[in-house]
């Protein structure tokens, strides 16, 4: 099947991607009870949310490897991490009177999910580029969660 | 409670945001059965996935408005759109032998969810900046879904 | 590690399970804009919602099989079906002024996801009991979705 | 629009509901690395998973109340609880080598989400039957999570 490059270029350009992120920051800033650190919040939410996509993609890439039988624990932890990150990013995105205990505990479990997933992905990082990238992103996500727990002003 | 600006700056910088997006493209490219248009795929996935966050945030912002009783239909459609976008972005992120019918139908329903949500948000856009931003992003998301349906090479 | 049977019996009894289902029906009936067929709605929602759990469990069981390399397409479709069913059950659970087009299209794509998943699971049903059970539930879910599309009074 | 009772009776009967629950237990038992307490696991998973539906429905019912402006905190916590329960039930449904720390922490945060939601729903229970039912189910869900944390044999 022939397709021209022009025909398939439907994605956003880099410039549009920047607009996307700035747009999310403006969205958080437009909230009637806006957090005083909406830029940090937007970045934290997008980072945790994207982690769910990295993990979903890594699980699927592992599934497509000829050595899938050696990657089943990695897939399992990828799926767990995707689910926990997705829930966490949604709760954080809600700025109207969050419950501080719930937010803090959720950030902690999100950090755990990302750490456990990163540790297993790192074991396959030399063999599989997708595991290396996923581990790297999960490690950054652990940091994002831990800093947000310390500077709770960002999220509650 | 005193906190220095430095202490709360935990988010990613713009440079790091670019790294994040490039990282997702590399993740998709590292898949053993990588789509030939991973850049477009990465942008489509991130756009649809982010739409779930815009809608989650808009629903929560509407909830915090003094005129919440005029925004209940908007909130309902925001929640629907967030759920449909979240499911769609996950299915699209899986590159290993997707089912073409499922992918196409899901993109269609995602476009519908975004269109219906955009139409209602637009009715409140003059009054509420968060509705304006959400409508704008939903409209772009309709385009992303429709183009991906035409150029199915991007997603299947 | 020794554990007494009494210690681990933390689940609900069959009687409690019945209470659970009746409870969901009462929940739907207590809605200010309650659908006239809340019993049917509750059953449809719980059936579609549970389908997500059957598929999540089947994907995980496939992952634990020694022949996982023959089950990767099944896993992929299980994960897709789980995501689509989860989104669909949430949208259906909202009774306040649903959008008829969105509801109908979503039921259609949910039926597709369940059908595609059932077809693949059936190919492994003789070998794997979990695939047999999952296929059976997915088939019932296709029926639930198709009937709800015909009798839209149940869901909109 | 006329519709006969027969035409709309598309839901499952009580007998079929029992089949559904027994079916989920059989699904968990058919896992190659099946937990020794699959009945308890099936009940825990279905209870936590259903809690997401109770909360989704309560949020939507609150939204439809004329006094919605007094119920915004309840709606917010309902949405949080739904997201956390959905993620928790998915992680628990995976029996292949779960991470004990992640499972335990996730059950703890799920208990917190349910407790916080129950407390707020209880404040509206006299006025709104949906809040009373939701609070009741959330309270039971707290128990399910806490017992599963003690008797970890059920979930790991």
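Brief remarks on what is shown
Every chain is named by a letter (A, B, C and D) in the order it is written, and numbering of its residues begins at 1.
FYI, contacts are C-beta pairs under 8 Å (C-beta built on N, C-alpha and C of every residue); 3 or more make two chains touch, one makes a residue touch a chain.
Because the structure is a prediction, the values reported are computed rather than measured.
Note on connectivity: the fewest steps through touching chains from chain A to chain C is 1. The chains that touch chain A as well as chain D are B, C. On residue numbers, the A-C interface is repeated by B-D, which shares over half of its contact pairs, out of the options B-D, A-D or C-D.
The distance from the centre of chain A to the centre of chain B, with each centre set as the mean of the Cα atoms, comes to 14 Å. Separation between the centroids of chain B and chain D, computed from CA atoms only, is 26 Å. Computed centre separation for the pair chain B/chain C is 25 angstrom, with centres defined by C-alpha atoms. Counting partner chains per residue, chain B shows two or more touched chains at residues 60, 63-64, 66, 72, 76, 79, 86, 90, 94, 96. With chains as nodes and touching pairs as edges, the resulting graph is complete, every pair of chains being joined.
Within the complex formed with chain B, the chain D residues making contact are 59-60, 63-64, 66, 68-69, 72, 75-76, 79. Only residues 1, 3, 7-12, 14, 16-18, 20-21, 23-24, 26-28, 30-33, 37, 39-47, 49-50, 52-54, 56-58, 60-61, 63-66, 82, 86, 89-90, 93-96, 128-130, 133-134, 136-137, 144, 147-148, 151, 153-154 of chain B touch chain A when the two sit together in their complex.
Residues 72-73, 76-77, 79-80, 83-84, 86-87, 90-91, 94, 96-99, 101-102, 105-106, 108-109, 112-113, 116 of chain D touch chain A in their complex.
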